[in-house]
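Per-chain numbering from 1; labels A, B, C, D and E assigned in written order.
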Amino acid sequence: MPALPAGISVTEIDIPHKVRPEKPRSRLFNLAKLSLALLVAWLVLPLLPLALWSFSRSWYFPDLLPSDYSWRAWEYALSSTSGVPQAILRTILIAVATTILSVIVGVPAGRALGLYQFRGKALIEVLVLAPMVIPGIAVALGLHVVFLKLGLAGSLIGVMIVHLIPTLPYMILVMAGVFANYNPAAESQARSLGASALKAFYYITLPAILPGILIGSIFVFLVSWSQYILTLLIGGGRVITLPLLLFNFATSGRNDITGAIGMIYILPGIVLLLFAARYLSGRNMSAGNLGQI
Amino acid sequence: SAEGPAYKNWDEVVAAAKGETVNWFMWGGADNINRYVSDWVGREVAKRYGITLNRIGINDTAEAVNIVLGEKQAGIDDDGSVDLIWINGGNFRTMKQAGLLYCGYLDLLPNNKLVDWTDISIANDFGLPVDGCEVPWNRAQFAFAYDNARTANPPRSIAELIAWVKDHPGEFTYPAATDFNGSVFIRHVFYYAAGGPKTLLGDFDQAKFDAVAPKAWAILNEMKPYLWRQGKTYPNAIATLAQLFANKEVALYFDYDPAIFGINVENGTFPETTRSYGLEDGTIGNTNYVTIPYNSPNKAAAIVLANFLMSFDAQYEKAKPAVWGAAPAIDLSTLSANDQKTFRALPRNLSVVAPEELAKYTLPELHPDWISAIETGWQENVAK
Amino acid sequence: MSERWKITLLLFPALFIIGGLFLGGLVFGLAGSLGYMPLIGLTDWSLDAYHRILSSDSFYLSFVVTFYIAFTSTLISGCLALGAALMLRQTFAGRSVINFLFQINLSVPHLVGAVGILYLFSQSGVFARLAFEFNMISKPADFPAMIYDPLSIGIILQYVWKEVPFIGLILLANLQTIGTNYEAVARTLGASHWQTFRYVLLPLLLPGLLSASMIVFAFTFGAYEIPALLGQNYPTALPVLAYQAFTNVNLGSRPEAMAMAMIIALMSGLMIIGYARLARRYIRD
Amino acid sequence: MTQVMLKELAKIYNGSIAPAVSSLSLTLESGSLTALLGPSGCGKSTILKMIAGLLPPSSGDILFDGTSILRKRPEQRGAAMVFQDHLLFPYMNIADNIGFGLKMQRLPKSEIQSRVGKMMELVQLGGFNARKPSALSGGQQQRAALARALVTRPKILLLDEPFSNLDANLRIEMRELLRTLQQEMAITTLFVTHDQEEAVVLSDRIALLLGGELRQYDTASALYAQPNDEEIARFFGGRNFISGTSREGRFECSIGTFTLGGNYRGRVGKLTFRPENVRIGDDSQAENSFDALVLSKIFLGTQTRIRLAAGGEEFDATINPEDALNLEENMTVRVRLPKQSLWVLP
Amino acid sequence: MTQVMLKELAKIYNGSIAPAVSSLSLTLESGSLTALLGPSGCGKSTILKMIAGLLPPSSGDILFDGTSILRKRPEQRGAAMVFQDHLLFPYMNIADNIGFGLKMQRLPKSEIQSRVGKMMELVQLGGFNARKPSALSGGQQQRAALARALVTRPKILLLDEPFSNLDANLRIEMRELLRTLQQEMAITTLFVTHDQEEAVVLSDRIALLLGGELRQYDTASALYAQPNDEEIARFFGGRNFISGTSREGRFECSIGTFTLGGNYRGRVGKLTFRPENVRIGDDSQAENSFDALVLSKIFLGTQTRIRLAAGGEEFDATINPEDALNLEENMTVRVRLPKQSLWVLP
């Protein structure tokens, strides 16, 4: 990776080029641009062999391209035999349910933390953030016992609930940030104009926090979407999601099928991102809340 | 061990099975096996018995064992989530010892007569008596594979292999003992060090182990510098070795199930010039089974499915090279002449060594306690 | 409704879930690690599990490897993300496209990235093939080992690949909030470009960078699937070791798994405290 | 047309000891515009919120036309509030913003449209219907906020420093608009401000609040000329306080003896007079005239402030910049304090 | 002590067509304090940023003591800037904040310490060294920001509405502090504000900017009394404009003929005079006296505004509330416009 050039322009303060046609700096700037391009290329690069493998029939070392192409990996991956279509639905179902649950639970908590000062707030903040910095596996092993007893181990609902552990903090954090910049007087305003509490929430609060909910939801969805170990531990192999299938084939050396499932696996996320790009881009500050723990 | 429903006759079982769903937990890393099970078997049992087959792919059979174990501890004794497991060896031992199995239904199965229970390699699963707790499904025997376009004279015995490795540095490796196939390779070396398996059979004996083990470790350690990556690391899984072989990083591949050679050629992972063979001093063979957990809520259907898996139709379909190419667990001689002929007429994949040839030199498996000891010993003495 | 009630009501569901699940999991894990697991018939409290793991080399080696992986990945990701965020902040043609590409793998699951890295960097991977094409190597073994390797390069590459955009995104949002006026002030006070970065922008970004890094560190410290897929078999990452112990058919090793989980939790907890210290020093008075 | 009566209204916030508002009694006449004037934190917003029903009082009562409305929910009280930040709902266009209250009343769309339309004309926002609030200037935003409150024809209009975010010229414009509309619609209005000029210009009466207590409730000119105490005087820009003794219509102090406009009981007290009422260079022998030394002179734009000293006391005068041209520092001038402009504080 | 010269300075932002600043020429005398006054968006900040080097001009030149500094980087120009938001670095304590510029110059620690210490005394922040900015009040924060700029002994001090976030009392305090320090240190200072009172009180001269153009550059009293045009007059609160013709020191209009204080070329023009300079009820036969009708009377607190009509023209006078007591609507009064207070606009 290119190192950080010392002189990268750190501000928007641009020095008049007409006045200071200093070559080294602009070369440095180009270098910075080049390294940015390299970085981005690097970020996209690993997806390419995956795509290529999914269409290959045989691709031996040292061939740069497969010597034989075929659709069979896709045919298999898309057939119900492989369980992939069912797993997609199941994975989406889990991610969506987790997202909805986290909204229901996280928005009120975010409001409390963002809007009010109260005793013990710092403690609650630490508690809320802890699941973000304490790996899920540490908790899930102990939780497995509880879930077993509750009959939740190995069930779809159990997996949804356990997915809340790593995702809820994202939602709460984003919402706390949203509410910290939210003026509750807008609700008072609506009330004084004759809106009931419910209407004030629906017409005033909701639209104001919606972008935040969206950002939070995207994070929650993606974290749940790519969750492996919690699903495996709590789902106990019975709740088969896409990552489980992918791991299955990745460890059994079927690169073509792995490639196909991999491609299928990233698709919904990219669609989601395309749809949400404008919310995620630097303009929306909600994401910055994650940097505020 | 645990008591299950007592069916008086087969018809009762079949009647009870109708409409049930069987959750069959099995390793899910091979698309052709998945296809065979989900598509062909699933379709057949639905058609013939009105049973729904739900294949659940797992990474490791131990996962399924764990589920049952967990359920037992949680007191879920009749509503477990596992109905059938593809199993053998250590996992079978664990389940048997922990009382996790549903046993004693074999006599009901019409196809049980196709099994030669006098064959100790069927009646014993890794040295542990089956005791009516599992149903044989496949037989497998360890074999080596090489690419005859690259390697002219592969080593034909462990002794030759040891010499060959030194002559071909970096071209051989074996998976770590944590891998099923890595473990069996190490056992071959162990047998070689012991001068054959005879002294090792039976229950674990520390004294015998201590006498042989140092020799075996010495051989493996001597081999180490000539292995792939100087033996600094070993593949985690047999699939990794397959990748290494496919990409010509190593010259030799081996597998407990020779059918895999054909499968890998079929699916383009291995070159078509792949050939396989057994060792002159013999290779280890085993049988793998399906078993029903004691707390399966769908035992009738699981029994019907297990019976069907043993049927001629199922075993024949499975033996087709294009499907799987797995060696049958049933005794072909019990079949009708016609069926025997049909079976024999199956084309053989060029890459897969003929079962008859392999069967000439079959070595028995060891008791799981021996295997554990060897695996642990390897970790301590070779891996580090 | 009094305000205190309102706050309690708002927080209740979240605390119920986090308290119940998260703390519950920790407590049961702790009990299990101390040998108390009535479910599997263990009812004797003891420190045996800790003794056992603390007296085995493989645990220490695994610990070192895991810490090394997490630390290195976090450090590299943080630095690259910082550079990328600073560059992405500037206006230039095609910025929105670059921005999107930059974010794309935010949506790509770790596992997919790991497979991609595997296909790129293994000794028979794309780069090895390229090297062969240009006669830099003659056989796969000549290619430097980056997968299943002692330095865990593949694992680190995967984490860097995935976490640079994550940290970058947070930093970009922070940069947006900070604006450019602080830097303008510093420049007029006589700070050069570099000084402005070093003394103004960096400290302003540090809290965000630290928190993001902490999330990343915790994740990389506790991840299972990546080292399971790309790591060497010995010594293996701690979560892999813990998972193996947990799924061992010998139930007796579960307390060891729990004990390892507790150590993972403890380490991460220490990270939080360390961070809180740092953060207090830098932002809160 | 609603009369509003606050009866011993008090509010102690949860967790704080000192009351934000303590025992406030105040009657707002039907259709009047009252300014609630006071420094930051004196409890002005708290009072408004209690009237609007957004905050429950700790004790006391609020009556609209003699009926207590404490039990009514905010949306039932008919008290529309306008806040300092216009608080237009950012994702609704201007017409929807203004029509919000009517929509909440479930009025038919056509009626909402026509009423909103008329109101927009009234506040000179015709044609801005489809704009988002962010596309309006500050003054337009504040006008829209006012329109939004007025269009519901509230019984009572509560304004919480509605103009303090606007710049000087806009503020003047908005004041005039508010005064016109309020008088036209005869809405009882309570107007919170901490800007005395605004209170003076706009209101019928001013309720001066200091530290949660009502200190004086009077017309603007009374507050300027006859404050109840020194604190009030200072709040209204009083700068001149000269200690002395009053007796029988005269005030004795170190400068001399002054004839007062009225009679004051108190013996010891403070003579106060507004800087703008100090006459410099007038006919020299008239009543209440004396010599003073010019200490300094500061041009304030429309006025010039002169600091003067006499008899050991210092005081300020503000005069026309033009008249100040011939004053120099250290000059001695003749000063007169007209007797009607003198006021004695206890 | 640096003289600053802007020569036909212009700025067109990328992507916009209209120039934010167009062809501005302005000379700031060494050690003077100039206010850059103008409404929001007129380009004030843009000018400051160009001088500081934070923004490249589109054309024109900037000279410090006769030397163009366009090629110099911001940190080399010695033009310290203070913004509306104090922008103290939140993670540094106050002493470190104030010493920041010195540290950037790599001065020895001991020197930094002593200079920072002295500066902190000067801005009355002694003893606050170790506090974080968030632990200071708004006024203290802004004082620290000022100190941070001044301690580097900049050639030029640029202030962008530094006090507009402070409340009225603090603002007055800060103005005085700034004025004192600026004069003591004799730093050429350019002060941006949109508050005319602030500009008037604080500055030696005022540069009035409207729409990116310099419209008048003069002393405060000249801008009040002798504006260049009606727009400027209105900006400074001028309300009286009477059309007519000027000739030989006299101005003829519908009210009558007025004697002017100066001589004006233009024939047709507008007579302007500030409301506070209108004399009501003066000796009746003096020059420039006439009868006018009182239209209305508004109490403004310290002054009363009287609207008057004469000869078909309307105009305002602001007088002492006391003097206004005996004026009634519809009364006819004698009005005098002192000739020095008259000014004719083209």
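Keep this in mind: a residue touches a chain if its C-beta (ideal position, glycine included) is under 8 Å from a C-beta of that chain, and two chains touch if they have at least 3 such contacts.
Keep in mind that this is a model prediction, so the values were computed, not measured.
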{"item": "Identity of the chain that, by mean CA position, is farthest from subunit D", "value": "B"}
{"item": "Middle chain, criterion being Cα centroid separation", "value": "A"}
{"item": "Pair with more cross-chain C-beta pairs in contact, given B-C and A-B", "value": "A-B"}
{"item": "Geometric centre distance via CA averages, subunit B-subunit A, whole Å", "value": "40"}
{"item": "Chain centre separation (subunit A, subunit D; CA means) in Å", "value": "53"}
{"item": "Gap in Å, rounded to a whole number, between the CA centres of subunit E and subunit C", "value": "55"}
{"item": "Between subunit D and subunit B, distance of the C-alpha-averaged centres to the nearest whole Å", "value": "92"}
{"item": "Residue list for subunit A, restricted to those that touch at least two other chains", "value": "13, 61, 148-149, 247, 251, 255"}
{"item": "For subunit C, residues that touch 2 or more chains besides their own", "value": "3-4, 39, 124, 140, 184, 187"}
{"item": "Subunit C-facing residues of subunit B, complex", "value": "60, 62-63, 65-66, 69-70, 73-74, 90-91, 94, 170, 176, 178, 228-229, 232-236, 240, 243-244, 246-249, 379, 383-384"}
{"item": "Footprint of subunit A on subunit C - complex, ascending", "value": "3-4, 6-7, 9-11, 13-15, 17-19, 21-32, 37, 39, 76, 79-80, 82-84, 86-92, 96, 98-120, 124-126, 128-130, 132-133, 140, 160-161, 164-165, 169-177, 180, 183-184, 187, 193-194, 196-197, 201, 207-209, 211-212, 214-215, 217-219, 221-225, 228-229, 239, 242-243, 246, 257-258, 261-262, 264-265, 268-269, 271-272"}
{"item": "Subunit B contact footprint on subunit C (complex, rising order)", "value": "39-41, 57, 122-124, 139-141, 145, 148-150, 231-234, 244, 247-251"}
{"item": "Residues of subunit A touching subunit D in the complex", "value": "183, 185-186, 188-196, 199, 203-204, 207-208"}
{"item": "Contact footprint of subunit E on subunit D as seen in their complex", "value": "40, 167-168, 196-197, 200-201, 220-221, 224-225, 236-237, 274-277, 298-303, 318, 320-322, 325, 338, 340-341"}
